[in-house]
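These notes concern the structure reproduced below.
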Amino acid sequence: MGEVGLVEVANPSEMFLSHRSHPSPGSVVVASLEGTRPFLVELQALVARTNFTVPQRIVTGLDYKRTSLLVAVLEKKVGLPLREMDVFVNVVGGVRLAEPAADLGILVAIASSFRDVEIDDRTVVVGEVGLSGEIRRVSGIEVRLKEAAKLGFVRAIVPAGMKEDLDRPADIEIVPCQTVLEALKHTLSARSVN
Amino acid sequence: MGEVGLVEVANPSEMFLSHRSHPSPGSVVVASLEGTRPFLVELQALVARTNFTVPQRIVTGLDYKRTSLLVAVLEKKVGLPLREMDVFVNVVGGVRLAEPAADLGILVAIASSFRDVEIDDRTVVVGEVGLSGEIRRVSGIEVRLKEAAKLGFVRAIVPAGMKEDLDRPADIEIVPCQTVLEALKHTLSARSVN
Amino acid sequence: MGEVGLVEVANPSEMFLSHRSHPSPGSVVVASLEGTRPFLVELQALVARTNFTVPQRIVTGLDYKRTSLLVAVLEKKVGLPLREMDVFVNVVGGVRLAEPAADLGILVAIASSFRDVEIDDRTVVVGEVGLSGEIRRVSGIEVRLKEAAKLGFVRAIVPAGMKEDLDRPADIEIVPCQTVLEALKHTLSARSVN
Amino acid sequence: MGEVGLVEVANPSEMFLSHRSHPSPGSVVVASLEGTRPFLVELQALVARTNFTVPQRIVTGLDYKRTSLLVAVLEKKVGLPLREMDVFVNVVGGVRLAEPAADLGILVAIASSFRDVEIDDRTVVVGEVGLSGEIRRVSGIEVRLKEAAKLGFVRAIVPAGMKEDLDRPADIEIVPCQTVLEALKHTLSARSVN
Amino acid sequence: MGEVGLVEVANPSEMFLSHRSHPSPGSVVVASLEGTRPFLVELQALVARTNFTVPQRIVTGLDYKRTSLLVAVLEKKVGLPLREMDVFVNVVGGVRLAEPAADLGILVAIASSFRDVEIDDRTVVVGEVGLSGEIRRVSGIEVRLKEAAKLGFVRAIVPAGMKEDLDRPADIEIVPCQTVLEALKHTLSARSVN
Amino acid sequence: MGEVGLVEVANPSEMFLSHRSHPSPGSVVVASLEGTRPFLVELQALVARTNFTVPQRIVTGLDYKRTSLLVAVLEKKVGLPLREMDVFVNVVGGVRLAEPAADLGILVAIASSFRDVEIDDRTVVVGEVGLSGEIRRVSGIEVRLKEAAKLGFVRAIVPAGMKEDLDRPADIEIVPCQTVLEALKHTLSARSVN
């Protein structure tokens, strides 16, 4: 790699992901949009028993309150006892991620670290999460999936009902999910897609 | 759906609402105005017993203090024991909603989640809420209702006395309410309008 | 009413007040100035026994610290035991009110809710409040009272010594008060002016 | 008085002070500068036994941290037991006062309320206060005193050593003080100057 | 040295580092980038048993939340009992350092102070740290190392897999590390490289 | 003195210092730079036993976090039991001081108040302080000392190794110090330099 710094980068997804090592619990890749431009980025969560009366919640690169809502969904709808756990969430590479379509990735990363189970590293995740634990449809699904397929991902966890939004079939296996429970079942129990 | 991102959207209401699944407790649609342009948006609340000494209050897309006032009205005027509950409120789609006319929607969403009762998904809600629990009239009622009718909603909970603000009868059943107690009775006990 | 939104409004006072229902404890109308233009606006307070160790103080549309000072005056100079009470204060219609001349209105609204006594709905209130409980004179008294009379108010609680600031007699009964104790006596014990 | 609002005011000092009633404990007038223009303004403090574990400190129109330093000087150098007291400080008329020359006024107002002793209403106060309780010299003493004399004040508490900064004798009795203890003795024990 | 102040400095790395004295626990030099321009800067950490219930975390010149994440990695992945320790981190010279490539330096500085072991003063550190304790690759490695070699550093702790990013061999010994545990072993146990 | 206010001042150092009275514990003068222009300014600290569970830390005119780091150095490296003390720090004259070269002055002022020992009033202090208690070199030492000598100071506490930065000998006695312990010995035990 040459000098990068703040210079324009041809394909930011490649830059962020080229630095990935083998998968570890708490890491997941989300297919995001900046304007109409897709880019893939890695989220990481670290969940561990707290030593404090009030557990720590530290979040960088993401909206703090949004992440707190997702922690609440995991507690109240999935039943994870996060009240006794410190939760740290980070976007790799110093990126800032603001769109609701990253919700599912944040939630999956936290659950992955809590259960100490790795996510398959050729799976990408996308979807807004509602407070009743449902996964909600997002815009731009076509470009998100095309970018993921181009970068070698083979499976995408997406909101149910989005297949019909695609003009032509994607070059990636699509796993539609209606609820976060379904999405967690697909990402945390079956690690390989082949 | 094609690529959307930050491009201009012909009808934002349709975009927000097309993603709705079947109704669940805590969800309600409000008829809002941005300038003179109406748009419908879904609010979600999640209310659950707290594990903390000070209950959690996390709000995204809405004014935090305004929402706290509405929680207070539900406690002091309606009698919900929210002091022992965590309360989370969210606007779907990452939208920011700032006008007082959304008050009644926020309040109904919280009560709906607390009582675990769904709101009929063809009902829309609009009204400012005062600290004595009265529902106050809002501006632009005509365009709000027209937009709701256009998108297939069949019933509207509105402040009492607004019918006379309409130049011609709306294509939607109007349920005028003077107090939040009336509004809760109409939204939480009778789920279907047909 | 037609479409309003953010369009220019001929008479904002009328808009805010046309939405008023019958009086309830905690509500009071203040005669305010924005620049040299008068407008009348309704303040609401809700005071109720607290369930927390530290009582809640939630304020929208008004300066938080200023309102805290007025709560202190009610505690230390009038003797209301607000330390055990949650106090919520709101300006109706989403208006922001920044001038000290609204002090007396804020204070009267809080006392009205605390004592559960309604303020007569044809009375308007104006005056800055000092830390020793005195009511201090304000600027622009003439335009404030003219606007109130025009909108049908029949009585005005004003700072003592302001009558001589008027070029001609106002079309409204003037009740000059030197202290907040006097103002509370005139607003909370005698509800009707006729 | 006619309409004022935000229009230019010929003499702001007169406006602020014309509204004064008879003196009460906690009130004091300071001679301030805005740029090179002098104006007199009234400060008010309210000190009362606290009902909270952590006493309240609410300040409007003044720098919060600066006022906290002055409370510390009163505690550590003068010996006032303010730790058990709520302290409220306010600038009358909604004015914001930022210069260190107001220090002595803030400190005297707090002590006046604490001891429940009135300050003579024809005395004006000016001086920066250091952390060892010394009163420090300020700039522009000449214009400050001229303005005070013009408005009818007859006595000025000023930092020691400032008399020699005057080009000609002032039309006001000058009481130079080296420490806050001296200044408190001159303002809180002898109320009248005649 | 002459007068510097805010004037342009030919080589900021030299300025920051020329002021270094002999190494002490908690100090480490990181090779940073501002845009495409490399500069070396010294980080310092101070870790000491806390006297408070909630330990102190004070950080200047670095992002507070980012540093908290790194403290969490040291606690959860390396096992340092930092919960009982105050942690202070500082960038020497009043510099502000915002890029993730400084992560490893912050982490090494904290561990160095905790273990009271000095870092060799001719070693430079660079690398982003992930929440599972892995060291992630950074951009611009070539210019970073060239600058370090020019200033007399003889060893560089870098992310594993970066050697192949170099166009030609660097004039500095490269120690590639995959995890923070490896990096700590290389910096805290062997102090000299010769 | 005439009218000053916000007008340009020929020599700000003279203005700030002309107001000094005799020395008192907690006061020290630092030689600072604004751009390339030197100015001398007085810092004051007040340290006193706390009455609160969490001791007070109030700082005006200086960076709060930077001052907290220096309090930590005094606790952990010098051994002052500041955990039981309130610490107040102030820059005289309402000045804001942002450069690291003021570190040593802040630290010496706090220690001076804690030990209740005055600093000689013809001594000036300059130096950045590192977290291991070392004094670090600063830029612009020549202009700082020239200004101090011009204003009548006879001794300067400076970082070790800076004498060689001077083009010609300064008109002031130079006391080079490597650590804060040395600097405290030179300022707090020997008060006079003659």
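Per-chain residue numbering starts at 1, and chain names A, B, C, D, E and F are given in the order in which the chains are listed.
By definition in this document, a contact is a pair of C-beta atoms (placed from the backbone, for glycine too) under 8 Å apart; a residue touches a chain by one contact, two chains touch by 3 or more.
Computed from a predicted model, the values in this text were never measured in an experiment.
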Chains touching both chain C and chain D, listed by label: none
Chain copies touching (chain E, chain F) - same or different residues, decided at half shared: different
Centroid distance [mean C-alpha coordinates] between chain F and chain B, Å: 59
Whole-Å gap between the CA centroids of chain D and chain E: 51
Mean-CA-position distance for chain E and chain A (Å): 29
Per-residue multi-chain contacts in chain D, two or more chains: none
Arrangement of touching chains [line / ring / star / complete / other]: ring
Chain order, ring traversed from chain A with chain E following: A, E, F, D, C, B
Complex contacts: residues of chain C adjacent to chain D: 33-37, 54, 63, 65-66, 68-69, 72-73, 75-76, 83, 98-100, 128, 130-132, 134, 136-143, 159-160, 162, 165, 167, 178
Chain E to chain F touching residues, read off their complex: 1-7, 15, 18-19, 21, 24-27, 44-46, 48, 51-52, 56, 58-60, 86, 88, 90, 92-94, 113
